[in-house]
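In order of appearance the chains are A, B, C and D, and numbering begins at 1 in each one.
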Amino acid sequence: MNNSVVPSWVLTLVCADRVGIVAAVSQFLAERGGFITDSQQYADREAGRFFMRVAFEATDARMSDTQELQAAFAATGAEFDMDWRISGAQEKPRMLLAVSKGSHCLADLLHRWQTGTLAVDIMGVVSNHPDMRRITEWHGIPYHELPANGDKAGQEAAILDVFGRTRSDYLILARYMQVLSEDLVGRLEGRCVNIHHSFLPGFKGARPYHRAHERGVKLIGATAHFVTADLDEGPIIEQAVERVDHRATAEDMIRIGRDIEAQVLARAVGWIADRRVLLNGSKTVVFR
Amino acid sequence: MNNSVVPSWVLTLVCADRVGIVAAVSQFLAERGGFITDSQQYADREAGRFFMRVAFEATDARMSDTQELQAAFAATGAEFDMDWRISGAQEKPRMLLAVSKGSHCLADLLHRWQTGTLAVDIMGVVSNHPDMRRITEWHGIPYHELPANGDKAGQEAAILDVFGRTRSDYLILARYMQVLSEDLVGRLEGRCVNIHHSFLPGFKGARPYHRAHERGVKLIGATAHFVTADLDEGPIIEQAVERVDHRATAEDMIRIGRDIEAQVLARAVGWIADRRVLLNGSKTVVFR
Amino acid sequence: MNNSVVPSWVLTLVCADRVGIVAAVSQFLAERGGFITDSQQYADREAGRFFMRVAFEATDARMSDTQELQAAFAATGAEFDMDWRISGAQEKPRMLLAVSKGSHCLADLLHRWQTGTLAVDIMGVVSNHPDMRRITEWHGIPYHELPANGDKAGQEAAILDVFGRTRSDYLILARYMQVLSEDLVGRLEGRCVNIHHSFLPGFKGARPYHRAHERGVKLIGATAHFVTADLDEGPIIEQAVERVDHRATAEDMIRIGRDIEAQVLARAVGWIADRRVLLNGSKTVVFR
Amino acid sequence: MNNSVVPSWVLTLVCADRVGIVAAVSQFLAERGGFITDSQQYADREAGRFFMRVAFEATDARMSDTQELQAAFAATGAEFDMDWRISGAQEKPRMLLAVSKGSHCLADLLHRWQTGTLAVDIMGVVSNHPDMRRITEWHGIPYHELPANGDKAGQEAAILDVFGRTRSDYLILARYMQVLSEDLVGRLEGRCVNIHHSFLPGFKGARPYHRAHERGVKLIGATAHFVTADLDEGPIIEQAVERVDHRATAEDMIRIGRDIEAQVLARAVGWIADRRVLLNGSKTVVFR
């Protein structure tokens, strides 16, 4: 919630862990008058990898231009063999949403976007059904109806085409009930997020609420995760649960689950927008 | 938390659902001056079964003796083909605890029992290790060290012997790290409760926290369930979770999990003591 | 979630507690072939009052008409001096919503209503501001802009006029930032619900998130309650909290709080719609 | 959970915020081969204050002695006018516990200490009652029975005497039901922690569960906070809540609350032991 006009940026980096990384980064910023407003780091001791997110702002005219900053940081990045990124704190990632018929996640994301509480640009909505056209267009967002019609390859090519033309950064599956092909998943690696309607790894696959009901669980949940070729096994970004009891039917669980799904997906998308989510193999680092 | 000396009882019943059950039960009580202090019921529409728990107390001398009440209710029970039970509200179920080396669940149950917040009688502790003898005996509870020593059948026979001699009603596995034989499980059907250190059905089997860590989950949990021959698939009584993040090691998860395990098991045991838990096939009805 | 065409009803009642109430009610239903699908009761021992909610359906032609049922039950109601009500399970309460400028609760209620997950009729939206007209009318709901303009009495009369003309049952203050007069509160006793943006009784009054921030709390919350003349002291229907830490600014708390407020209010309205909420003096009984 | 024999330390610091602090600290560590295993920081923009906690370990022989490290860091500390502290990661703070009659918090802390999950040294237990002597001494901890007997000043002097003689760092009020004098509070500023049995600022003062019951709240909670002269207004360290409903009596709330109190206090004490808690005026910074 920074309304200031002071130029500010976010630096994220991943590299092999060793002595001196934080010193190098903070020295770089201090020399240019960079004032650190937030900094988080994590060292994965098993993997020997180091993750960092630094939010900083300019204290004087030495810092003002993102490209200059990037050019200046390149030497430090190379020295530590970092996978790094500097972007303006006000820059918004471009999100393409995908939905089938269920409105709860889509409506929630659109409302947060419209009221300025989700700092992303929504580039469009793709769907295999016509149902969500009206609410999408009411928000002034283009709706691309791309039915599967037995030609999965063609439909996915059309989705990729919208993704490319709109220069989207992420594809958000907001209750999109089609399994993506391995090819599409591969092309969108680390850039495609799904909301699964169970507390993974419990109830992977179809009809999770019905299976949760049959199993008699006392809590149901939802999981936002990156999509990988291994279905429902992608890196988990966020999870939450809600209590149910023996009286809850499968339909009650579906209804209760909608609130969890919408909130969990909105949190995941918001954290990605803030560049708080970094991939760590089959896991994520989430700097909350 | 009823300290009154007014005689009071709990009636639990399960039967095929049909019109007139509640009328018959409440009529039975009203005719004898029974004052209902709590009543809960549940109709499983899919299974066509009806579950009820009624707590009631005497308003006059017509009700005073449990055996008389049971004899009088038998006709109603037979009319509706009920599986029913009437017991004095102050009657405590007799619990035999089993533990291996981990103290957290055992210490928690013993402390609650000692301070009068868990209304059970603890008949003894059986263990395949000597470690928990000191804390058990300090509470004045007999400790039966029954090492496995390669003779599983003999060891289980010894457990059953303690169970029988102490006239225990339930065997509570308070972090007992041995898989029970199908035979023992069969003999204790509906009377043996386990605490599993994961949020079932996720991470069934061994080393759940290590697997949760590898999977990168954002919440870890514990599950109290009845033990059945199908390992980790028994009817769930209670579950709870706690949030973790990427920094939690498997050891951190084990440590955080201990609190969840102890609380979840204590709740399950307390509800059983209050006769709030009824079996419904592979699920439970828990009248909280 | 009952899609059946079997006629079904909900009976709620409050009366002085004594032996025989449940017997009389269940006998009444059993004689007419009424099949109890859900029943909950609560005896407030201190107040000596008994509360009950029974959902039931017809098994044959003896039951079909709500007015006949009501007429038949009148004798039982009188015998026990009950405050009772029988209504068709499909009957929806008529809700008038009030809002100022904040959209999150209103948008949430409208979306739930539109998708059929909130079983109420929304009769209109009244507001002291124009901001929420567009989203309201997009949902096909009449919007009544009634600015205060220094004439509070006149404005409240206009609200009451809309309430009366639309034959509304409840006025739901979905982030309506005006204090209602004692007169209006009196006229809507037990029929006006507010969402307060704190975990009452903490931070009663204005700017609760700012005060929570100053106090350094580690959890923030929201409270749905009936409105009484005693500001922020009305009977609580539902509360929930979310964790925050030292990094959360007052603005962050406001943003996080929006989700809690929307969910807590939606739950309260849904439970009222299901006739699960009964008043008990300065408290509520909520049969979940 | 670091079992390594590699020397490791925790540095905590508070100072006025300005450019270059992180650079100076990380440069200091990098020059000596200090490997940062965890680092968290927080800039309070309103107060213009900067808080940092860095855990680090030696990679070679340059770092090995705590006193040398402290001497070397003094210049950096002075340059930025820091309130700083370096201590060995294995150093345990010395805790004196105070209790009256309620055992749940004391028993919980003792069990965690005994099983090695709470990294503190417990120097003794002081009490105004004899009740907790047996459990304390069973754990091998000295018990100081110091009844008030109308001489509050004398009793508090005796407490301070134990605190001094045992060279305790903190006094933990584990359900100690006496109000401390302003003088004692002043002497133990920032070193005395209390567990309050409500979700502050709701229900400050006596009998909070009874008042929560009267108010009809739907969640009850507990708060661990530093003790200040302003009763129940000290900086909050941790809070948690549990759901209750209309059926919960005040006694039920007391019983449910015990679990919350024990867990919240244990978390606060554990975080203090890990030097994760820093004071920030009337608030705390908790680096979890």
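Methods note: a residue touches a chain if its C-beta (ideal position, glycine included) is under 8 Å from a C-beta of that chain, and two chains touch if they have at least 3 such contacts.
Worth saying up front: this structure is predicted, and the values here are computed from it rather than measured.
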Most remote chain relative to chain A, going by C-alpha centroids?
B
If you list every residue number at the chain B and chain D contact, are more than half found on both copies (same) or fewer than half (different)?
same
Mean-CA-position distance for chain B and chain A (Å):
42
I'd like to verify one number: the distance from the centre of chain B to the centre of chain C, where each centre is the average of its C-alpha atoms, in whole angstrom.
36
Where chain C touches two or more other chains, by residue:
38, 247
Contacting residues of chain B [partner chain C, same complex]
17-20, 22-23, 26-27, 29-30, 33-41, 43, 45, 59
Interfacial residue positions of chain D with respect to chain B in the complex
1, 38, 103-104, 107, 111, 115, 117, 138, 247, 249, 251-252, 255, 258-259, 263
Spell out the part of chain D that touches chain C in their complex, as residue ranges.
42, 199-203, 214-219, 221, 235-241, 245-247, 280, 282-286, 288
